[in-house]
Amino acid sequence: MVVVMDGRASAEQVEAVIMRLEECGFSAHPIYGVRRIVIGAVGDRRVLNSLGLETMPGVERVVPIMKPYKLVSREAREENTVVRVGHVAIGGSQLAVIAGPCAVESREQLLAAAYMVQQAGAAILRGGAFKPRTSPYSFQGLGEEGLKLLAEAARQTGLATVTEVVDEHSLELAVEYVDMLQVGARNMQNFRLLQMVGRSGKPVLLKRGLSATVEEWLMAAEYIMSEGNGQIVLCERGIRTFEHSTRNTLDLSAVPLVKSLSHLPVIVDPSHATGDRRLVGPMARAAVAAGADGLLIEVHPEPTQALCDGPQSLTPAQFVSLMEELRAVAAAVGRAA
Amino acid sequence: MVVVMDGRASAEQVEAVIMRLEECGFSAHPIYGVRRIVIGAVGDRRVLNSLGLETMPGVERVVPIMKPYKLVSREAREENTVVRVGHVAIGGSQLAVIAGPCAVESREQLLAAAYMVQQAGAAILRGGAFKPRTSPYSFQGLGEEGLKLLAEAARQTGLATVTEVVDEHSLELAVEYVDMLQVGARNMQNFRLLQMVGRSGKPVLLKRGLSATVEEWLMAAEYIMSEGNGQIVLCERGIRTFEHSTRNTLDLSAVPLVKSLSHLPVIVDPSHATGDRRLVGPMARAAVAAGADGLLIEVHPEPTQALCDGPQSLTPAQFVSLMEELRAVAAAVGRAA
Amino acid sequence: MVVVMDGRASAEQVEAVIMRLEECGFSAHPIYGVRRIVIGAVGDRRVLNSLGLETMPGVERVVPIMKPYKLVSREAREENTVVRVGHVAIGGSQLAVIAGPCAVESREQLLAAAYMVQQAGAAILRGGAFKPRTSPYSFQGLGEEGLKLLAEAARQTGLATVTEVVDEHSLELAVEYVDMLQVGARNMQNFRLLQMVGRSGKPVLLKRGLSATVEEWLMAAEYIMSEGNGQIVLCERGIRTFEHSTRNTLDLSAVPLVKSLSHLPVIVDPSHATGDRRLVGPMARAAVAAGADGLLIEVHPEPTQALCDGPQSLTPAQFVSLMEELRAVAAAVGRAA
Amino acid sequence: MVVVMDGRASAEQVEAVIMRLEECGFSAHPIYGVRRIVIGAVGDRRVLNSLGLETMPGVERVVPIMKPYKLVSREAREENTVVRVGHVAIGGSQLAVIAGPCAVESREQLLAAAYMVQQAGAAILRGGAFKPRTSPYSFQGLGEEGLKLLAEAARQTGLATVTEVVDEHSLELAVEYVDMLQVGARNMQNFRLLQMVGRSGKPVLLKRGLSATVEEWLMAAEYIMSEGNGQIVLCERGIRTFEHSTRNTLDLSAVPLVKSLSHLPVIVDPSHATGDRRLVGPMARAAVAAGADGLLIEVHPEPTQALCDGPQSLTPAQFVSLMEELRAVAAAVGRAA
């Protein structure tokens, strides 16, 4: 950490900061510039927030040097983590495609979707049983009934499954029925939920929050991993910006950036990011070219009848054709799909 | 709702949209423009999302006309709602000041803060017992012990109290000890939590999410109110923008805007918005001038020793002097403080 | 356009809006809903702003239906525009790579860069002679001397050239020496400059502004095209968002979106978008996979010695290797490179 | 400046950075932490960008310590600058209100507006003669004819005047007719224009760009001041964020922040910020309470007939009543109005 003193700070104020640092176990290294004194401090960043340095007289600001996350960092582990979801590996040489409807709506709908995505080459089936919806008047999901349908679809098709959990109740149910738990964007900083999925032992799909920085996203993963669960897949799904001509702004640069900062796999959800099925294909191809380890794609047997997110769901035919395109792009960047 | 057809839509496609609307109970009113057909549709906006119109061939986009919230809207209730927290009214002619430390740290700290803010003219004491922290390694709050201290401070000073709840467990405890429940910015779209505070019957302080639109914020209030609890105070606390020279960007325009859209009271938290105690005073004065019904201000007996958010906490002397300034500004806009 | 009346608007207010519309040559189509009256209006969107409808009593808001741009729209021209820059075509089946240093610094530097990018397969040489810099104390470019060096490099290597213009003076000089004029992000809404490049008759590379919506970007192109110059290439270069771990957020979704809205070619600048050479390669590959017609890439013979934007410039070796990767990705999406 | 080395940097890499710093006239102070070496460097920040340190092997990032602006900084001048516009002082104890129509439309309109705002207590008349418009098809201003009308209105009412300049031509005309030159938000980083107004010797009203950070805004002022012109008034007019329920997000925190960083006066434009006349009053009051030195307010004799920005223009009666409210708030914060 570096403490930047105000240009008008007195010698006593500088001395007080140095003493405070040393009291708290840091070693302090003042550097006397022409117009500023800065104090380098060597010690544990994790106690930084409780030092109160910014509030001391004469301090202009405090610049952290170390990253606040540790277990999830590339420094903690050089090699890529490969997460196992059932028989599927995410983070290895094979691109992992997760596909299915936004919400589980009925047995017919889910089985039709499952067979279709399995034949097209997807490895994992998605489907929401507990839907966090902006409006209390929207369809909120089938609950446990939806989980049972996911389990049935898994048995019939051999696909692994993932579903979103939103609280203790849904988590306790989901661990019985599915292979992977999803924490949604709106819950990325629901720290109690992060601790609970951390203790569940199940692989976790952690979506980036709508306005989460890359650092906050990795800190959310650190919450899970600090509970002993390192089976985490990060999912970029678009951030909120001034541009509303797409639902969100897909931040694809985050893919190579996060892979340089962390050993965890990163996948991309072009469906929620764009909110428009015409953009899903180009963005899915771009994600693979950027180095994503997988994709999360909404597919619905009949998007026009979907109870949620119809406009962004691919039809079966569109999904089949996208999978072919993805195989070509994956091969071009040295990956199997 | 208005459905805008693509310039190249066929007569059959227009007809199909009209049939779909009428099937779902809407009346359809096509308008034939020079280059576009648009179809006005009269009916219940709340079923809009499940119509799947955007996915129909020939549809360019769907423009909602009605607002998605209902119970919290000014149309549902013309007069201002006044929320009662203990003996304190929020939303009436009197400015309501909520003050206290970010976190309850100890009996000494909390009682010192409570007596001080009470003497300076605050009406409600704040203090976090369950702290949602970005890092799993930061101080997470005293839990029930903190709630007991809040209750003791309330007994001794006569102040009403508010504390943040983060899950079912903290909620069940908090209802026993405090007068008002706070839902924090990171949980504004934790819909399960919104339903639970809605059912609790306690007054709720609902902070705006970091990247929540005004409409989403009101929809979060609608979640609470649709559970039968209309005792909601909205709190603007800064939104996330590209500008990082303050912690967040305080969106004061939201105060008069929300008051025109909704009957609920609106207060402002200049401490979290700016993250810098030097800006708290000017922004508190501005909030009152903009028409806010109250303020939420962090005060700490010794900010330098604070376990959380020291840099934005006022000292007791600063708070006393701010309260005097606020009385002058409140009087200038016709309000008591 | 659709005029949404307030729920409490009187019959007289509705009538007044209808009269105003008809006075101005619109035909008005009122639709009577349960809680709202909306008035569909058919006429010329371009006079919309001068109608003052939002200011009339009883009007809640006005929703435009038609897009505000015309000449650049896909509706005005179904087929893709191919822009010719010297002997190079942008917008056809061949990927067009523009490369070179941020700024022209010296004859040695520029010629070394030019030979190198030409051998690696670039088609157009970039180099700034007039640099818009955030600080008045930074290097501002070599001016006409830089243009002469660009012309010399073009003669020696056969590359076409592009350079940024910032005002009338630089424009008058640049048209003498280079094949294509660039309008930078900070000048995207410098409307006088847009008109001037429109009248110049030269092909124009129009960068998206840091906070420009897709619609504003297309309106800037409309300014150029309304002066009779349709030789416009749009360049996505990242937008400003809350996320500062990359310099800007590359909005790749804008590529397929703009190509659906407009007939103009779209290229991508991953260098300025990310500000970090380690991310340039992945984002360049992603841009091609998303359907970009070309790339703008900073390359410097010795990035460590660059007078501007060294951290994002590729070394010659990195550029050679990137070009190979791009050929593979381009082939995978059916394009030559 | 502080150079943070990568955790895996070699001793040779550290040595190379130290040599590079010393070559360029910096003194280097390495600090050896547990997992990182950081190098404090003392020297001239203004050459920082040309050092290329970020591109050197083993460097993780470079953290600037000194602010990049100098002449406009509070450190360069402790006391507040008071800018004189005709007989009006901006930045002193008196609140300065600039008011008038968005665009000069006719002699009748401008004179009516001028008399009215003068009687209500405004000190400076605004009116655009050269309008930068998003659409090439919108009204672009009366040009020199508009400037003549401004000069006539000034003679008749005794008001000082301000108008926007957009290029060399409009600047040369405007200096003949008005007392103060405005640089609009879209031109805040039109560096040539900044240099030209700097050389004009006229007082300058510098609006903040839509997506400009406070630092960039101050750097734009530095451009003007480095040309010898320190008569600069900064104007906050809202920034672009995800929230579109107001046209922009008025960043009022920037007022006290900029006043702490710079000696220049700061005023606020609530009309462009909100785009909605119903929010202009509350935000004008809030700006004064936050410490703004003045306001820029759109007023039109007949907003319904305005050729531009009618929805945000106050009527004469609304302006008169706002001025009364402002006097009360100004008095409450110790200021005359």
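Per-chain numbering from 1; labels A, B, C and D assigned in written order.
Throughout what follows, contacts are C-beta pairs under 8 Å (C-beta built on N, C-alpha and C of every residue); 3 or more make two chains touch, one makes a residue touch a chain.
The chain lineup, named per UniProt: A, B, C, D = Phospho-2-dehydro-3-deoxyheptonate aldolase.
Everything quoted here is computed from the prediction, not taken from an experiment.
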Open item on the list: Please tell me whether A-D or A-C has the greater number of C-beta pairs in contact.
Closed with: A-C
Task: Residue-number overlap at the chain B/chain C interface, same or different (half cut) - done: same
Task: Approximate Å spacing (C-alpha centroids) for the pair chain A, chain C - done: 31
Task: Distance from the mean Cα position of chain D to that of chain A, given in whole angstrom - done: 38
Task: Per-residue multi-chain contacts in chain D, two or more chains - done: 211, 240-242, 244
- [ ] Show which residues of chain C lie in contact with chain D when the two form their complex.
- [x] 46, 49-50, 52, 54-56, 68, 132-139, 166-168, 186-187, 189-193, 195, 210-211, 216, 219, 222-223, 226, 240, 277, 303-308, 310-311, 313
Open item on the list: Can you tell me which positions in chain A touch chain C when the two form their complex?
Closed with: 211, 213-215, 239, 241-246, 249-257, 260, 273-274, 278-279, 282-283, 285-291, 325, 328-329, 331-333
TODO: Can you check the complex and tell me which residues of chain D touch chain A?
DONE: 2, 4, 7, 29, 31-36, 38, 40, 42, 63, 65-66, 75, 211, 240-242, 244
